[in-house]
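What follows is a pair of complexes built around chain A, which joins chain B in one and chain C in the other.
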Partner chain A sequence: MGDKKNNTARLREIKRFNNKKYREHTKLSRRKNIEPSQYLTEMKSPDSILEIENLCTYFYTDVGTVKAVDGVTFNVPKGKTVGVVGESGCGKSVMSLSVMRLLQEPQGQIASGEIRFRQSSENRAVNIPNLPLKEMQKIRGNEISMIFQEPMTTLNPVFSIGAQLDESILLHNKGISKKDAAKRSIEMLELVGIARAEGIYKGYPHELSGGMRQRVVIAMALSCNPEIIIADEPTTALDVTIQAQILDLLRDLKNKINASIILITHDLGVVAEMADFVVVMYAGRIVEQGTASDIFHNPQHPYTVGLMKSRPTSHGQQEKLYSIPGSVPNPTDLPDFCYFKNRCEFCMDICGQKYPPLYKLSNTHKAACYLCKDEKSKFEGGVFSE
Partner chain B sequence: MNENIITVENLKKYFPIKSGILQKTIGNVKAVDDVSFSIRKAQTFGLVGESGCGKTTIGRTILRLTEPTDGKCIIDGKDIFALKKSQLRPLRTKMQIVFQDPYSSLDPRMPVGEIIGEAVREHNLVSKSDYRDYIVNIMQSCELRPYHIDRYPHEFSGGQRQRICIARALAVNPDLIVLDEPVSALDVSIQAQIINLLKELQAKRGLTFLFISHDLSVVEYISEVVAVMYLGSIVEMASKKELFKHTMHPYSKALLSAVPVPNPDIKMDRVILQGDIPSPANPPQGCKFHTRCPDCMEMCKTKIPEYKDYGSGHYCACHLYNK
Partner chain C sequence: MRQYIFRRVMISFIVLIGVSILLYALVRLMPSDFIDMTTAGNVKMSDEVRESLKEAYGLDKGIVEGYISWIWSALHGDLGISFIYRKPVTEIIAKYAPITFAVAFIALVFEVLVAVPLGIAAAKRQYSKMDYIIVSFAFMGISLPIFFFAQILKRVFGFYGLDILPVSGMLTARATYVSFTFTKLLDYARHLVLPISCFVITSVGGLLRYTRTNMLEALNADYVRTARAKGLPEKKVINKHAFRNTLIPVVTMVGGMLPSLFSGAAITESLFGLDGLGKIALEASYRADIPYLMGFNMFLAILTLAGTLIADILYAVVDPRVKY
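Moving on to the complex of A and B:
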């Protein structure tokens, strides 16, 4: 009985805490006349277009606070592709939703951190979490656009493809006529390789296959010439042959319009093909980041190594697949020490102490593991030379 | 050891398209169109193809979960398509299936022990006194803990649920298990755990697998014989080594080259297929693949290529090798 009582008290405590957080958030979001000085900021690096610094996104749920993203820092350089890899539940999608300010509020909130974005149309840099809604709407879909995972559910089944494409063009280009918008939509459909674009323009989503729908979604994302495209698992729902088509298209388009891409995926193969920089996430934190060749040829964090080894490869025959034992820790109750400790085969005494900081291995390469403390490579030559 | 555990001959499964007030049949979706293959004991037969090519339908039809339109499926010397429902019942313990989505294939209202043991009790495989021990034993062989027996599916993660599904299939001591995309819904690190478990169980119990998947790297890892399907027919079938080394059919080549390689330095010359898979309700004339084939010739558009053996059990249906 005592246990039950304690539990009820604990749940009530959580509820009270959450309500406080919700109220604070509502108050903040209802502010009026926000001074520009509150959201204007300076970029730290001249080449980057988006800088995420110490981003923390928390969900205040009935069973406790879920730290979905907890202190993530990385830059997106202009015209480059950054791949974010991790298993389901590691916070990669929440990270991208935070950038778009599409979190389910007030349960999900950006608790702290900065997302600096270079808004070249206004020639300024803004801090996205502090932006008023009106300003955010100018950026969302226009300067930063998003491709979602499921082309089957992203499109609205009751509107024609054309109407959905026109919508964002009409919204973001003041004074454009409907005719011009339609012309631009058809151009976009042609750009993403849809034959008989005019027929598709009048059609409805259910008439298209998965691959074609994903092309329409990409056309929609590109229609306002965005500076950043966030692609959240753009090919997961597609077949391999269609995936190859879509990846080829994305690569091609990136060069054409010179946009940056944040590619979120769990498929290491896709990342290797597309990304210039790679960020590996685990349980809401970055465990390793670097250039694609850093990560694939010289992975340092045991989790990254495990991920790569657990993929069956076509080269060479392994007798038994490597598998990471155990599973991801419970997100409401994360320990103070390294989250990977209980699954790690290189676990040392020090791992039971504080969460390891990101150790710098080279100018581009960082890993959050005590193994990298003394700069000696533990996995020399990477996994593929074995 | 060379006996075939299952032989499928000219299997056809058509789904009628009905229309109008009278629901008259106006056509057929040829989900599986004239497929023959056989699987040897303790072997893994991999079936690869894009979504909608009929691979799942094959898996379900040979277990008679859907009724076939035509053909034969011989298990244990009996044509199971000709059997009555009552005659089929005892045979059900010989063949089991593991479904793709472990979230929807477990009854949320049943505890795990009940899920695994339902069929065991139905077929009276063990005595009442041994029942619980038997279930615990099966669970342990799938790396589940004995105290999981009274829990409900929602308390488990995706990987564990898939283990429950495998345990359910194993519980009746089957010879053949149809694995319908068992790892597609799982994360990479969990995928590896499940694949290892399957391999281990196969070695221990001499199981035969029909492994259905769209992921070529997984199929290459686990199978001994691989068949590639396109629009309801097998276009190429060979032993794994042969198929991946000397790929013959242009579709298999395209499939192979479409798999992304986790190495940023390898820039592959990709064969990127144009267009989408045609509708199986109205497949193209001649070779079904000719609309997307990079090596399409005149005769491909009119004549259906013969599916034949090109030596050492390497079957292929393509005009390129038939000049």
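Moving on to the complex of A and C:
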């Protein structure tokens, strides 16, 4: 009885806290006339186009605060592909939605951190979380565009493919005529490898297969020559033969328009094929990051090692696929120590202490594990390079 | 499309025959008949006279026999003569249907104009104060019995209250003999304010909540996120992308509401003294006026079928996935 009472009191407390957060958020988002000084910023590194620093995205739910993304920091260099890997629910999609400011508000909010974006069209750098919605709408679909994972539901069923493509072109290119927009849309459809583009232009989404729809989504994302393409599991819903085609397509197009890609996936094979840099996420935090070869040839965090082992190989004689034992900790109640501790086969005494920082293993390679603290000296001096 | 409509009309015809059998059986199964009710308490009436009257009204025949003769003349366009009004049923329907139809149509338009925007406004800010106010308003409307609410409206706005609106009838007595002018039209409008607002307020809740639910679903759909990701302004995301998808189920519902507006008119028209089909229908069912009841109910059945057919056609118009 007492327990139940306590629980009710706790839930009420959560509700009150959430309502406060929602109100704060609504107040912030309704504010008018935001001074540019509040969102203008400087990029830290000259060759990066997007810098995410200490990003925290929280969901204020009825059972408590879910820290979906908790202190994520990485850079996206111009013209490179960054792969973000991790299992379902590790916060990779939420991270990408934060960049686009497409979170389910006000439950989901960017609690703190910076997302700096080099807006070359205006010749300035902006901090996305502070940006007024109007300014954000100029970036969305124009300079940063997104490819979603569910091609079957991403397109609006009641508008024709052409109307949906034209829409973003007309929106971001002031003064373009409808005819020119249609021409550009058909060009884009041809670019993503759709035969009979003019017929498809007049068609509706339900007339297309999943692979075709994903091509349309990609065409839509690329139609305004974005600087960054965020591909949130672009191939997950497609069958394997189409997957390879879509990835080839993305890579070709990236080179054509010299864009950067943030590729979000749980498929390590896809990352190996596409990415220049890799970020491994676990329970909302980065556990390891580095160049593709750092991660694939020299994984340091036990979680990354586990991920690599649980990948099916084409040549091995494995009887049963490896799986990491245990499960992800409860997201509303994360411990102070390493989130992976209870599943880790290398667990040590020190792992019971506070969450490990990201140890630098080389100029590009970092891992958040106490194992790397000791081995730091061992890897110094370029031994680590390929 | 044309073939589809033709097929649907043919099927509707068969359905109507079935409906008429059921209706006739139910109407004839009423515990008393017109003659018994009219002559009750009349001591001079002998049983023989009663029997001959029943024969004259065709009430002596059994249900099957009676139905066959009814449907035979109905198929020839003759719905019989109303017992009460002593006029052909078709004539009564033709005379009073425009009034009922005008009232019902205006009510429907207002209902859609109130329910759809409010439903969308509520969905746009789910769980906000605005949402709670709109939803409780809708629930209040659903829960208020129409006969009770009508009396309140009459008391508040009518002669014994603010005295700003007429409480019954279609026209002020003086205006009846004036030729058709703007003042006459205004007089009609003034008389219709209370019945229509009574009707709209008590029936708007269902459509409002339906719109809200569907809008919420659309707003959570992936294509709305895509629209936002394109950089579209929020207004366009809601009024174009989400709304077009909300429209599909709402159109179907509005099509289905058409007949209920007419059957609901029976009570509203009686309460506000409007000379429409509904008021006559209520009186006819008190006094077992079989030809009129059959005529009115068949009219409702035809409207129901027409309503669903119109809804299905509109469905194909708003949803490109539907093709006939």
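Everything below uses one rule, namely that the second predicted complex is superposed on the first by the 372 of 386 C-alpha atoms of A that agree within 3 Å, B and C clash if a C-alpha of one lies under 4 Å from a C-alpha of the other, contacts with A are read in each partner's own complex, and residues count from 1 in each chain.
Throughout what follows, contacts are C-beta pairs under 8 Å (C-beta built on N, C-alpha and C of every residue); 3 or more make two chains touch, one makes a residue touch a chain.
Just so we're clear, the structure is a prediction, and the values are computed from it rather than from any experiment.
Superposition model on chain A: chain B and chain C are shown accommodated side by side without a clash.
Residue contacts after overlaying the shared chain place A:F159 against chain C, while chain B stays out of touching range.
Applying the stated contact rule after C-alpha superposition, one finds that A:S293 touches chain B and leaves chain C untouched.
Comparing chain B with chain C, the partner in contact with more residues of chain A is B.
When the two complexes are overlaid on their common chain A, residue A:D47 makes contact with neither chain B nor chain C.
Once chain A of one complex is fitted onto chain A of the other, the partner contacts of A:E187 are absent, as it touches neither chain B nor chain C.
In the superposition on chain A, contact of A:G141 is made with chain C only, not with chain B.
Of the two partner chains, neither chain B nor chain C is touched by A:D252.
Annotation: superposed on chain A, chain B and chain C show a minimal Cα-Cα gap of 8 Å.
Comparing which residues of chain A touch chain B with which touch chain C, the overlap is empty. Residues 100, 102, 133-134, 137-142, 145-146, 148, 150, 153-160, 167-168, 171-172, 204, 206, 217, 220 of chain A are the ones touching chain C in the complex. On the side of chain C, the complex with chain A involves touching residues 221-223, 225-234, 241, 244-245, 248, 318-321. Chain B meets chain A in the complex at residues 50-51, 157, 159, 187-193, 195-196, 199, 214-218, 220-222, 244, 254-255, 257-265, 270, 272-274, 276-277.
Only residues 87-88, 209-212, 239-245, 247-248, 266-273, 275, 292-293, 296-297, 306-308, 310-314, 318, 320-325, 327, 384 of chain A touch chain B when the two sit together in their complex.
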